[in-house]
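The structure under discussion is supplied below as C-alpha coordinates; questions concerning it will follow.
Each chain gets a letter, A, B, C, D and E, in the order it is written, and its residues are counted from 1.
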Amino acid sequence: MLLGKIVGTVVATRKTESLEGLKLLLVKNIDPKAKESAGYVVAADAVGAGMGEVVLYATGSSARQTEGTNNRPVDAIIMGVVDTWDIEGKTMFEKYQSVETADV
Amino acid sequence: MLLGKIVGTVVATRKTESLEGLKLLLVKNIDPKAKESAGYVVAADAVGAGMGEVVLYATGSSARQTEGTNNRPVDAIIMGVVDTWDIEGKTMFEKYQSVETADV
Amino acid sequence: MLLGKIVGTVVATRKTESLEGLKLLLVKNIDPKAKESAGYVVAADAVGAGMGEVVLYATGSSARQTEGTNNRPVDAIIMGVVDTWDIEGKTMFEKYQSVETADV
Amino acid sequence: MLLGKIVGTVVATRKTESLEGLKLLLVKNIDPKAKESAGYVVAADAVGAGMGEVVLYATGSSARQTEGTNNRPVDAIIMGVVDTWDIEGKTMFEKYQSVETADV
Amino acid sequence: MLLGKIVGTVVATRKTESLEGLKLLLVKNIDPKAKESAGYVVAADAVGAGMGEVVLYATGSSARQTEGTNNRPVDAIIMGVVDTWDIEGKTMFEKYQSVETADV
(Lines give C-alpha, C1' and ligand atoms only; values in the text may rest on other atoms or scores of the structure.)
Protein backbone atom coordinates (compact mmCIF):
# COMPACT_ATOMS: atom_id res chain seq x y z
CA MET A 1 0.00 0.00 0.00
CA LEU A 2 1.07 3.57 -0.49
CA LEU A 3 0.23 6.83 1.22
CA GLY A 4 -1.65 9.53 -0.66
CA LYS A 5 -3.64 12.69 -0.15
CA ILE A 6 -7.08 13.24 -1.64
CA VAL A 7 -6.79 16.30 -3.85
CA GLY A 8 -9.79 16.05 -6.15
CA THR A 9 -12.56 14.11 -7.83
CA VAL A 10 -12.83 12.71 -11.33
CA VAL A 11 -16.16 12.65 -13.16
CA ALA A 12 -16.77 10.23 -16.04
CA THR A 13 -20.37 9.96 -17.24
CA ARG A 14 -19.65 7.63 -20.14
CA LYS A 15 -18.10 4.51 -18.60
CA THR A 16 -18.43 0.74 -18.40
CA GLU A 17 -21.64 -0.30 -16.69
CA SER A 18 -19.79 -2.03 -13.87
CA LEU A 19 -18.34 1.29 -12.73
CA GLU A 20 -21.75 2.81 -11.89
CA GLY A 21 -21.92 4.11 -8.35
CA LEU A 22 -18.19 4.14 -7.66
CA LYS A 23 -16.67 7.39 -6.44
CA LEU A 24 -13.37 8.11 -8.19
CA LEU A 25 -10.88 10.28 -6.34
CA LEU A 26 -7.66 11.89 -7.45
CA VAL A 27 -4.90 10.89 -5.03
CA LYS A 28 -1.51 12.56 -4.92
CA ASN A 29 1.32 10.40 -3.62
CA ILE A 30 2.95 11.50 -0.41
CA ASP A 31 6.29 10.54 0.97
CA PRO A 32 6.31 9.03 4.49
CA LYS A 33 8.29 12.04 5.65
CA ALA A 34 5.09 13.98 4.89
CA LYS A 35 6.28 15.75 1.81
CA GLU A 36 4.32 15.43 -1.40
CA SER A 37 6.05 13.37 -4.03
CA ALA A 38 5.69 12.86 -7.74
CA GLY A 39 2.92 10.75 -9.14
CA TYR A 40 -0.78 10.34 -8.65
CA VAL A 41 -3.48 7.76 -9.07
CA VAL A 42 -7.23 7.80 -9.62
CA ALA A 43 -8.66 5.41 -7.03
CA ALA A 44 -12.09 4.10 -6.13
CA ASP A 45 -13.13 5.05 -2.61
CA ALA A 46 -14.11 2.29 -0.18
CA VAL A 47 -14.10 4.34 3.01
CA GLY A 48 -15.77 7.68 2.29
CA ALA A 49 -12.54 9.66 2.30
CA GLY A 50 -12.86 13.42 2.21
CA MET A 51 -10.94 16.14 0.42
CA GLY A 52 -7.51 16.72 1.95
CA GLU A 53 -7.46 13.50 3.94
CA VAL A 54 -4.39 11.30 3.94
CA VAL A 55 -5.20 7.75 2.94
CA LEU A 56 -3.79 4.32 2.24
CA TYR A 57 -4.45 2.87 -1.17
CA ALA A 58 -3.81 -0.53 -2.69
CA THR A 59 -3.31 -1.29 -6.37
CA GLY A 60 -3.63 -4.18 -8.79
CA SER A 61 -5.94 -7.13 -8.25
CA SER A 62 -6.02 -6.28 -4.54
CA ALA A 63 -8.14 -3.26 -5.45
CA ARG A 64 -10.96 -5.66 -6.31
CA GLN A 65 -11.05 -7.27 -2.86
CA THR A 66 -13.86 -5.14 -1.50
CA GLU A 67 -17.62 -5.55 -1.82
CA GLY A 68 -17.88 -2.42 -3.92
CA THR A 69 -15.13 -3.25 -6.38
CA ASN A 70 -15.42 -7.03 -6.79
CA ASN A 71 -15.21 -8.02 -10.49
CA ARG A 72 -14.97 -4.41 -11.62
CA PRO A 73 -12.25 -2.96 -13.87
CA VAL A 74 -10.69 -1.03 -11.00
CA ASP A 75 -6.97 -1.15 -10.22
CA ALA A 76 -6.68 1.23 -7.25
CA ILE A 77 -8.70 1.39 -4.03
CA ILE A 78 -8.64 3.69 -1.04
CA MET A 79 -9.08 1.33 1.88
CA GLY A 80 -8.07 3.37 4.89
CA VAL A 81 -7.96 6.92 6.21
CA VAL A 82 -4.66 7.46 8.02
CA ASP A 83 -4.67 8.82 11.56
CA THR A 84 -0.97 8.82 12.18
CA TRP A 85 2.36 7.27 11.32
CA ASP A 86 5.80 7.42 12.83
CA ILE A 87 9.35 6.85 11.64
CA GLU A 88 11.84 5.54 14.18
CA GLY A 89 9.70 6.65 17.07
CA LYS A 90 9.06 10.15 15.79
CA THR A 91 5.53 11.05 14.75
CA MET A 92 5.64 12.18 11.14
CA PHE A 93 1.94 12.76 10.60
CA GLU A 94 -1.08 13.24 12.80
CA LYS A 95 -4.46 13.67 11.19
CA TYR A 96 -5.89 16.24 13.57
CA GLN A 97 -2.78 18.31 13.90
CA SER A 98 -2.43 18.25 10.16
CA VAL A 99 -5.92 19.62 9.65
CA GLU A 100 -4.87 22.71 11.58
CA THR A 101 -1.50 23.25 9.96
CA ALA A 102 -2.40 21.85 6.54
CA ASP A 103 1.26 21.13 6.00
CA VAL A 104 0.82 17.80 4.27
CA MET B 1 -6.48 4.14 -12.77
CA LEU B 2 -4.60 6.74 -14.72
CA LEU B 3 -5.61 9.59 -16.97
CA GLY B 4 -4.71 9.49 -20.65
CA LYS B 5 -5.58 11.05 -23.98
CA ILE B 6 -6.46 9.03 -27.04
CA VAL B 7 -3.89 9.94 -29.67
CA GLY B 8 -4.10 7.11 -32.19
CA THR B 9 -5.03 3.59 -33.15
CA VAL B 10 -2.92 0.46 -33.46
CA VAL B 11 -3.66 -2.12 -36.17
CA ALA B 12 -2.47 -5.71 -35.79
CA THR B 13 -3.88 -8.17 -38.31
CA ARG B 14 -1.84 -11.14 -37.15
CA LYS B 15 -2.78 -11.67 -33.49
CA THR B 16 -4.03 -14.27 -31.05
CA GLU B 17 -7.56 -15.39 -31.85
CA SER B 18 -8.92 -14.11 -28.57
CA LEU B 19 -8.08 -10.53 -29.57
CA GLU B 20 -10.45 -10.49 -32.57
CA GLY B 21 -12.88 -7.62 -32.47
CA LEU B 22 -11.07 -5.56 -29.84
CA LYS B 23 -10.24 -1.98 -30.73
CA LEU B 24 -6.73 -1.05 -29.64
CA LEU B 25 -6.02 2.60 -28.95
CA LEU B 26 -2.82 4.46 -28.32
CA VAL B 27 -3.14 6.41 -25.08
CA LYS B 28 -0.73 9.11 -24.01
CA ASN B 29 -0.47 9.65 -20.26
CA ILE B 30 -1.57 13.00 -18.97
CA ASP B 31 -0.76 14.63 -15.70
CA PRO B 32 -3.73 15.67 -13.53
CA LYS B 33 -2.62 19.26 -13.95
CA ALA B 34 -3.60 18.73 -17.61
CA LYS B 35 -0.14 18.65 -19.07
CA GLU B 36 0.94 15.69 -21.14
CA SER B 37 3.50 13.52 -19.42
CA ALA B 38 5.93 10.84 -20.47
CA GLY B 39 4.75 7.36 -21.20
CA TYR B 40 1.98 5.75 -23.18
CA VAL B 41 0.00 2.54 -23.26
CA VAL B 42 -1.90 0.59 -25.89
CA ALA B 43 -5.30 -0.14 -24.35
CA ALA B 44 -8.43 -2.01 -25.38
CA ASP B 45 -11.47 0.25 -25.61
CA ALA B 46 -14.55 -0.65 -23.56
CA VAL B 47 -16.44 2.63 -23.96
CA GLY B 48 -16.15 3.74 -27.58
CA ALA B 49 -13.66 6.51 -26.85
CA GLY B 50 -12.87 8.85 -29.71
CA MET B 51 -9.70 10.51 -30.92
CA GLY B 52 -8.58 13.32 -28.62
CA GLU B 53 -10.80 12.31 -25.73
CA VAL B 54 -9.44 12.18 -22.22
CA VAL B 55 -10.05 8.82 -20.60
CA LEU B 56 -9.48 6.71 -17.52
CA TYR B 57 -7.68 3.42 -18.02
CA ALA B 58 -6.96 0.51 -15.72
CA THR B 59 -4.09 -1.94 -16.03
CA GLY B 60 -3.19 -5.48 -15.00
CA SER B 61 -5.74 -8.17 -14.30
CA SER B 62 -8.36 -5.44 -13.76
CA ALA B 63 -8.27 -4.87 -17.52
CA ARG B 64 -9.95 -8.24 -17.97
CA GLN B 65 -12.98 -7.36 -15.80
CA THR B 66 -15.22 -6.35 -18.69
CA GLU B 67 -17.42 -8.47 -20.92
CA GLY B 68 -15.28 -7.70 -23.93
CA THR B 69 -11.91 -8.49 -22.34
CA ASN B 70 -12.69 -11.41 -20.04
CA ASN B 71 -10.06 -14.18 -20.40
CA ARG B 72 -8.20 -12.28 -23.08
CA PRO B 73 -4.48 -11.42 -23.03
CA VAL B 74 -5.18 -7.74 -22.46
CA ASP B 75 -3.47 -5.72 -19.72
CA ALA B 76 -4.93 -2.24 -20.23
CA ILE B 77 -8.54 -1.12 -20.65
CA ILE B 78 -10.18 2.22 -21.25
CA MET B 79 -13.21 2.13 -18.99
CA GLY B 80 -14.35 5.74 -18.79
CA VAL B 81 -14.38 8.97 -20.77
CA VAL B 82 -13.55 11.83 -18.44
CA ASP B 83 -15.89 14.84 -18.27
CA THR B 84 -14.04 16.83 -15.67
CA TRP B 85 -11.70 16.75 -12.71
CA ASP B 86 -10.65 19.24 -10.12
CA ILE B 87 -7.69 19.73 -7.79
CA GLU B 88 -8.33 21.44 -4.47
CA GLY B 89 -11.57 22.93 -5.70
CA LYS B 90 -10.20 24.29 -8.96
CA THR B 91 -11.40 22.71 -12.21
CA MET B 92 -8.35 21.42 -14.06
CA PHE B 93 -10.11 19.87 -17.02
CA GLU B 94 -13.52 20.15 -18.62
CA LYS B 95 -14.31 18.01 -21.62
CA TYR B 96 -16.38 20.51 -23.59
CA GLN B 97 -14.20 23.48 -22.92
CA SER B 98 -11.21 21.40 -23.83
CA VAL B 99 -12.64 20.45 -27.20
CA GLU B 100 -12.69 24.13 -28.10
CA THR B 101 -9.27 25.04 -26.86
CA ALA B 102 -7.61 21.69 -27.51
CA ASP B 103 -5.12 22.51 -24.79
CA VAL B 104 -4.89 19.05 -23.28
CA MET C 1 0.02 -3.41 -23.85
CA LEU C 2 3.27 -1.96 -25.04
CA LEU C 3 5.01 -1.80 -28.40
CA GLY C 4 8.28 -3.62 -28.91
CA LYS C 5 10.60 -4.88 -31.61
CA ILE C 6 11.84 -8.46 -31.76
CA VAL C 7 15.63 -8.26 -31.56
CA GLY C 8 16.68 -11.75 -30.52
CA THR C 9 15.97 -15.12 -29.00
CA VAL C 10 16.76 -16.52 -25.57
CA VAL C 11 17.70 -20.18 -25.12
CA ALA C 12 17.27 -21.89 -21.75
CA THR C 13 17.69 -25.66 -21.75
CA ARG C 14 17.37 -26.09 -18.00
CA LYS C 15 13.94 -24.73 -17.08
CA THR C 16 10.70 -25.60 -15.32
CA GLU C 17 8.83 -28.39 -17.09
CA SER C 18 5.86 -26.17 -17.83
CA LEU C 19 7.98 -23.96 -20.06
CA GLU C 20 8.76 -26.75 -22.56
CA GLY C 21 7.86 -25.79 -26.11
CA LEU C 22 7.54 -22.05 -25.53
CA LYS C 23 9.58 -19.76 -27.76
CA LEU C 24 11.17 -16.96 -25.77
CA LEU C 25 11.98 -13.77 -27.63
CA LEU C 26 13.96 -10.72 -26.64
CA VAL C 27 11.82 -7.63 -27.17
CA LYS C 28 13.17 -4.10 -27.13
CA ASN C 29 10.68 -1.42 -26.14
CA ILE C 30 9.85 1.13 -28.78
CA ASP C 31 8.31 4.53 -28.35
CA PRO C 32 5.09 5.20 -30.31
CA LYS C 33 6.96 7.87 -32.23
CA ALA C 34 8.96 4.94 -33.64
CA LYS C 35 12.17 5.56 -31.78
CA GLU C 36 13.65 2.81 -29.68
CA SER C 37 13.43 3.45 -25.97
CA ALA C 38 15.07 2.08 -22.88
CA GLY C 39 14.05 -1.26 -21.47
CA TYR C 40 13.42 -4.73 -22.78
CA VAL C 41 11.49 -7.82 -21.88
CA VAL C 42 11.79 -11.53 -22.60
CA ALA C 43 8.35 -12.61 -23.81
CA ALA C 44 6.71 -15.85 -24.87
CA ASP C 45 5.54 -15.79 -28.46
CA ALA C 46 1.87 -16.54 -29.20
CA VAL C 47 1.80 -15.39 -32.82
CA GLY C 48 4.94 -16.63 -34.55
CA ALA C 49 6.61 -13.23 -34.62
CA GLY C 50 9.80 -12.95 -36.64
CA MET C 51 13.08 -11.14 -36.11
CA GLY C 52 12.74 -7.40 -36.59
CA GLU C 53 8.96 -7.37 -36.42
CA VAL C 54 7.16 -4.79 -34.33
CA VAL C 55 4.76 -6.38 -31.89
CA LEU C 56 2.31 -5.76 -29.08
CA TYR C 57 3.00 -7.49 -25.81
CA ALA C 58 1.03 -7.82 -22.60
CA THR C 59 2.46 -8.41 -19.14
CA GLY C 60 1.40 -9.81 -15.78
CA SER C 61 -1.36 -12.35 -15.35
CA SER C 62 -2.73 -11.32 -18.76
CA ALA C 63 0.26 -13.10 -20.29
CA ARG C 64 -1.28 -16.39 -19.19
CA GLN C 65 -4.55 -15.85 -21.07
CA THR C 66 -3.55 -17.85 -24.15
CA GLU C 67 -3.78 -21.56 -24.81
CA GLY C 68 0.00 -21.87 -24.90
CA THR C 69 0.71 -20.00 -21.69
CA ASN C 70 -2.20 -20.98 -19.43
CA ASN C 71 -0.94 -21.92 -15.92
CA ARG C 72 2.68 -21.38 -16.87
CA PRO C 73 5.16 -19.14 -15.04
CA VAL C 74 5.18 -16.61 -17.87
CA ASP C 75 4.69 -12.88 -17.28
CA ALA C 76 5.00 -11.45 -20.81
CA ILE C 77 3.34 -12.52 -24.05
CA ILE C 78 3.57 -11.33 -27.62
CA MET C 79 -0.03 -11.39 -28.81
CA GLY C 80 -0.01 -9.31 -31.97
CA VAL C 81 2.22 -8.30 -34.86
CA VAL C 82 1.71 -4.62 -35.56
CA ASP C 83 0.86 -3.49 -39.11
CA THR C 84 0.55 0.19 -38.47
CA TRP C 85 -0.23 2.90 -35.96
CA ASP C 86 -0.91 6.59 -36.20
CA ILE C 87 -0.68 9.58 -33.87
CA GLU C 88 -3.16 12.40 -34.43
CA GLY C 89 -3.88 11.27 -37.94
CA LYS C 90 -0.26 10.89 -39.01
CA THR C 91 1.02 7.40 -39.73
CA MET C 92 3.99 6.76 -37.45
CA PHE C 93 4.73 3.20 -38.45
CA GLU C 94 3.88 0.95 -41.36
CA LYS C 95 5.11 -2.61 -41.34
CA TYR C 96 5.91 -2.95 -45.02
CA GLN C 97 7.48 0.43 -45.46
CA SER C 98 9.51 -0.19 -42.33
CA VAL C 99 10.92 -3.45 -43.67
CA GLU C 100 12.44 -1.51 -46.53
CA THR C 101 13.85 1.38 -44.57
CA ALA C 102 14.62 -0.53 -41.39
CA ASP C 103 14.36 2.70 -39.47
CA VAL C 104 12.52 1.33 -36.48
CA MET D 1 10.50 -10.12 -3.19
CA LEU D 2 12.40 -7.09 -2.04
CA LEU D 3 14.42 -6.26 1.05
CA GLY D 4 13.23 -3.58 3.42
CA LYS D 5 13.70 -2.26 6.92
CA ILE D 6 10.84 -1.68 9.33
CA VAL D 7 10.94 2.00 10.22
CA GLY D 8 7.47 2.71 11.57
CA THR D 9 3.81 1.89 11.96
CA VAL D 10 0.76 3.31 10.23
CA VAL D 11 -2.53 3.73 12.10
CA ALA D 12 -5.81 3.94 10.23
CA THR D 13 -8.95 3.72 12.36
CA ARG D 14 -11.41 4.32 9.54
CA LYS D 15 -10.82 1.51 7.04
CA THR D 16 -12.57 -1.28 5.15
CA GLU D 17 -13.93 -3.94 7.47
CA SER D 18 -11.71 -6.63 5.96
CA LEU D 19 -8.60 -4.83 7.19
CA GLU D 20 -9.51 -5.19 10.89
CA GLY D 21 -6.74 -6.79 12.90
CA LEU D 22 -3.97 -6.36 10.34
CA LYS D 23 -0.81 -4.61 11.50
CA LEU D 24 0.44 -2.13 8.93
CA LEU D 25 4.13 -1.34 8.94
CA LEU D 26 6.13 1.30 7.13
CA VAL D 27 8.97 -0.39 5.25
CA LYS D 28 11.89 1.48 3.74
CA ASN D 29 13.55 -0.23 0.78
CA ILE D 30 17.12 -1.30 1.25
CA ASP D 31 19.67 -2.11 -1.37
CA PRO D 32 21.30 -5.58 -1.15
CA LYS D 33 24.61 -3.86 -0.50
CA ALA D 34 22.97 -2.79 2.78
CA LYS D 35 22.48 0.84 1.96
CA GLU D 36 19.05 2.36 2.21
CA SER D 37 17.53 3.22 -1.12
CA ALA D 38 14.68 5.38 -2.30
CA GLY D 39 11.13 4.23 -1.95
CA TYR D 40 8.95 2.73 0.72
CA VAL D 41 5.86 0.61 1.07
CA VAL D 42 3.19 0.12 3.71
CA ALA D 43 2.92 -3.64 4.20
CA ALA D 44 0.80 -5.98 6.28
CA ASP D 45 2.85 -8.02 8.73
CA ALA D 46 2.59 -11.81 8.61
CA VAL D 47 5.56 -12.63 10.83
CA GLY D 48 5.53 -10.28 13.80
CA ALA D 49 8.40 -8.16 12.55
CA GLY D 50 9.80 -5.60 14.97
CA MET D 51 11.04 -2.06 14.60
CA GLY D 52 14.42 -1.90 12.85
CA GLU D 53 14.32 -5.46 11.55
CA VAL D 54 15.27 -6.21 7.99
CA VAL D 55 12.55 -8.13 6.18
CA LEU D 56 11.48 -9.65 2.90
CA TYR D 57 8.22 -8.43 1.45
CA ALA D 58 6.14 -9.53 -1.52
CA THR D 59 3.73 -7.37 -3.50
CA GLY D 60 0.70 -7.74 -5.73
CA SER D 61 -1.68 -10.67 -5.58
CA SER D 62 1.05 -12.68 -3.83
CA ALA D 63 0.45 -10.51 -0.78
CA ARG D 64 -2.91 -12.21 -0.36
CA GLN D 65 -1.45 -15.72 -0.14
CA THR D 66 -1.38 -15.89 3.65
CA GLU D 67 -4.10 -16.85 6.10
CA GLY D 68 -4.26 -13.34 7.47
CA THR D 69 -4.49 -11.54 4.13
CA ASN D 70 -6.60 -13.88 2.02
CA ASN D 71 -9.31 -11.94 0.11
CA ARG D 72 -8.29 -8.65 1.69
CA PRO D 73 -7.42 -5.45 -0.20
CA VAL D 74 -3.74 -5.75 0.68
CA ASP D 75 -0.97 -5.48 -1.91
CA ALA D 76 2.18 -5.86 0.20
CA ILE D 77 3.07 -8.46 2.82
CA ILE D 78 6.05 -8.97 5.08
CA MET D 79 6.63 -12.70 4.95
CA GLY D 80 10.11 -13.15 6.36
CA VAL D 81 12.60 -11.62 8.80
CA VAL D 82 16.04 -11.72 7.21
CA ASP D 83 18.94 -13.26 9.16
CA THR D 84 21.63 -12.80 6.61
CA TRP D 85 22.48 -12.46 2.93
CA ASP D 86 25.67 -12.57 0.94
CA ILE D 87 26.86 -11.28 -2.42
CA GLU D 88 29.48 -13.33 -4.25
CA GLY D 89 30.51 -15.09 -1.07
CA LYS D 90 30.81 -11.98 1.06
CA THR D 91 28.34 -11.50 3.90
CA MET D 92 26.58 -8.21 3.32
CA PHE D 93 24.18 -8.33 6.24
CA GLU D 94 23.92 -10.24 9.49
CA LYS D 95 20.97 -9.64 11.73
CA TYR D 96 22.73 -9.90 15.06
CA GLN D 97 25.81 -7.97 14.11
CA SER D 98 23.58 -5.34 12.60
CA VAL D 99 21.66 -4.86 15.84
CA GLU D 100 24.92 -3.83 17.49
CA THR D 101 26.21 -1.55 14.81
CA ALA D 102 22.85 -0.35 13.53
CA ASP D 103 24.48 0.40 10.21
CA VAL D 104 21.62 -0.73 8.02
CA MET E 1 10.50 -12.21 -17.94
CA LEU E 2 13.76 -10.50 -17.21
CA LEU E 3 17.38 -11.60 -17.27
CA GLY E 4 19.36 -11.71 -14.04
CA LYS E 5 22.51 -13.13 -12.51
CA ILE E 6 22.54 -15.11 -9.28
CA VAL E 7 24.79 -13.19 -6.91
CA GLY E 8 23.83 -14.48 -3.48
CA THR E 9 21.43 -16.18 -1.12
CA VAL E 10 19.05 -14.77 1.45
CA VAL E 11 18.39 -16.58 4.73
CA ALA E 12 15.22 -15.93 6.70
CA THR E 13 14.54 -18.32 9.57
CA ARG E 14 11.45 -16.54 10.86
CA LYS E 15 8.96 -16.58 7.98
CA THR E 16 5.43 -17.58 7.05
CA GLU E 17 4.92 -21.31 7.21
CA SER E 18 4.15 -21.57 3.52
CA LEU E 19 7.66 -20.45 2.67
CA GLU E 20 9.34 -23.46 4.30
CA GLY E 21 11.66 -25.29 1.94
CA LEU E 22 11.92 -22.55 -0.69
CA LYS E 23 15.40 -21.42 -1.65
CA LEU E 24 15.61 -17.65 -1.93
CA LEU E 25 18.26 -16.22 -4.21
CA LEU E 26 19.50 -12.69 -4.72
CA VAL E 27 19.30 -11.85 -8.42
CA LYS E 28 20.97 -8.84 -9.98
CA ASN E 29 19.33 -7.52 -13.14
CA ILE E 30 21.39 -7.71 -16.28
CA ASP E 31 20.92 -5.85 -19.49
CA PRO E 32 20.54 -7.94 -22.66
CA LYS E 33 23.77 -6.43 -23.94
CA ALA E 34 25.39 -8.37 -21.07
CA LYS E 35 26.14 -5.46 -18.81
CA GLU E 36 24.84 -5.45 -15.28
CA SER E 37 22.12 -2.93 -14.68
CA ALA E 38 20.52 -1.34 -11.66
CA GLY E 39 18.01 -3.20 -9.60
CA TYR E 40 17.72 -6.60 -8.00
CA VAL E 41 15.10 -9.02 -6.84
CA VAL E 42 14.93 -11.82 -4.29
CA ALA E 43 13.44 -14.78 -6.15
CA ALA E 44 12.42 -18.32 -5.31
CA ASP E 45 14.39 -20.91 -7.24
CA ALA E 46 12.47 -23.47 -9.34
CA VAL E 47 15.39 -24.84 -11.32
CA GLY E 48 18.34 -25.33 -8.98
CA ALA E 49 20.25 -22.32 -10.26
CA GLY E 50 23.81 -21.91 -9.04
CA MET E 51 25.89 -18.95 -7.98
CA GLY E 52 26.93 -16.83 -10.96
CA GLU E 53 24.47 -18.37 -13.38
CA VAL E 54 22.41 -16.18 -15.67
CA VAL E 55 18.73 -16.88 -15.35
CA LEU E 56 15.25 -15.89 -16.47
CA TYR E 57 12.83 -14.84 -13.79
CA ALA E 58 9.12 -14.03 -13.83
CA THR E 59 7.29 -11.77 -11.39
CA GLY E 60 3.81 -11.21 -10.06
CA SER E 61 1.14 -13.89 -9.96
CA SER E 62 3.07 -15.80 -12.63
CA ALA E 63 5.65 -16.59 -9.94
CA ARG E 64 3.07 -18.85 -8.32
CA GLN E 65 2.56 -21.03 -11.39
CA THR E 66 5.01 -23.75 -10.34
CA GLU E 67 4.46 -26.77 -8.12
CA GLY E 68 6.80 -25.37 -5.49
CA THR E 69 5.29 -21.88 -5.31
CA ASN E 70 1.58 -22.52 -5.80
CA ASN E 71 -0.49 -20.53 -3.22
CA ARG E 72 2.62 -19.15 -1.55
CA PRO E 73 3.34 -15.45 -0.92
CA VAL E 74 6.06 -15.39 -3.57
CA ASP E 75 6.23 -12.74 -6.29
CA ALA E 76 9.40 -13.70 -8.18
CA ILE E 77 10.50 -17.06 -9.55
CA ILE E 78 13.60 -18.25 -11.35
CA MET E 79 12.23 -20.56 -14.02
CA GLY E 80 15.10 -21.00 -16.44
CA VAL E 81 18.89 -21.04 -16.61
CA VAL E 82 19.98 -19.19 -19.72
CA ASP E 83 22.35 -20.87 -22.18
CA THR E 84 22.58 -18.12 -24.72
CA TRP E 85 20.88 -15.15 -26.31
CA ASP E 86 21.53 -13.09 -29.37
CA ILE E 87 20.67 -9.59 -30.55
CA GLU E 88 20.21 -9.07 -34.30
CA GLY E 89 22.11 -12.22 -35.10
CA LYS E 90 25.06 -11.53 -32.82
CA THR E 91 25.57 -13.76 -29.81
CA MET E 92 25.55 -11.55 -26.73
CA PHE E 93 25.89 -14.24 -24.08
CA GLU E 94 27.00 -17.86 -24.00
CA LYS E 95 26.88 -19.73 -20.74
CA TYR E 96 30.04 -21.78 -21.15
CA GLN E 97 32.17 -19.04 -22.60
CA SER E 98 30.96 -16.76 -19.85
CA VAL E 99 32.11 -19.14 -17.13
CA GLU E 100 35.64 -18.80 -18.43
CA THR E 101 35.73 -15.07 -18.91
CA ALA E 102 33.36 -14.18 -16.09
CA ASP E 103 32.51 -10.98 -17.90
CA VAL E 104 28.79 -10.99 -17.18
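Everything that follows uses one rule, which is that a residue touches a chain if its C-beta (ideal position, glycine included) is under 8 Å from a C-beta of that chain, and two chains touch if they have at least 3 such contacts.
Predicted, not measured: the structure shown is a model, and the values here were computed from it.
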For chain A paired with chain C, centre-to-centre distance based on mean C-alpha positions, whole Å: 34
Separation of mean Cα positions, chain D and chain A [Å, integer]: 21
Multi-chain contact residues (two or more partners), chain D: 60-61, 63
Chain contact topology (line, ring, star, complete or other): ring
Sequence of touching chains round the ring, chain A onward through chain D: A, D, E, C, B
Complex interface listing, chain D residues touching chain E: 1-3, 31-32, 46-48, 56, 58-63, 65-66, 77, 79-89, 92
Chain D residues touching chain A - in the complex, by the definition given at the top: 7-16, 18-19, 24, 26, 28, 40-43, 51, 60-61, 63-64, 71-76
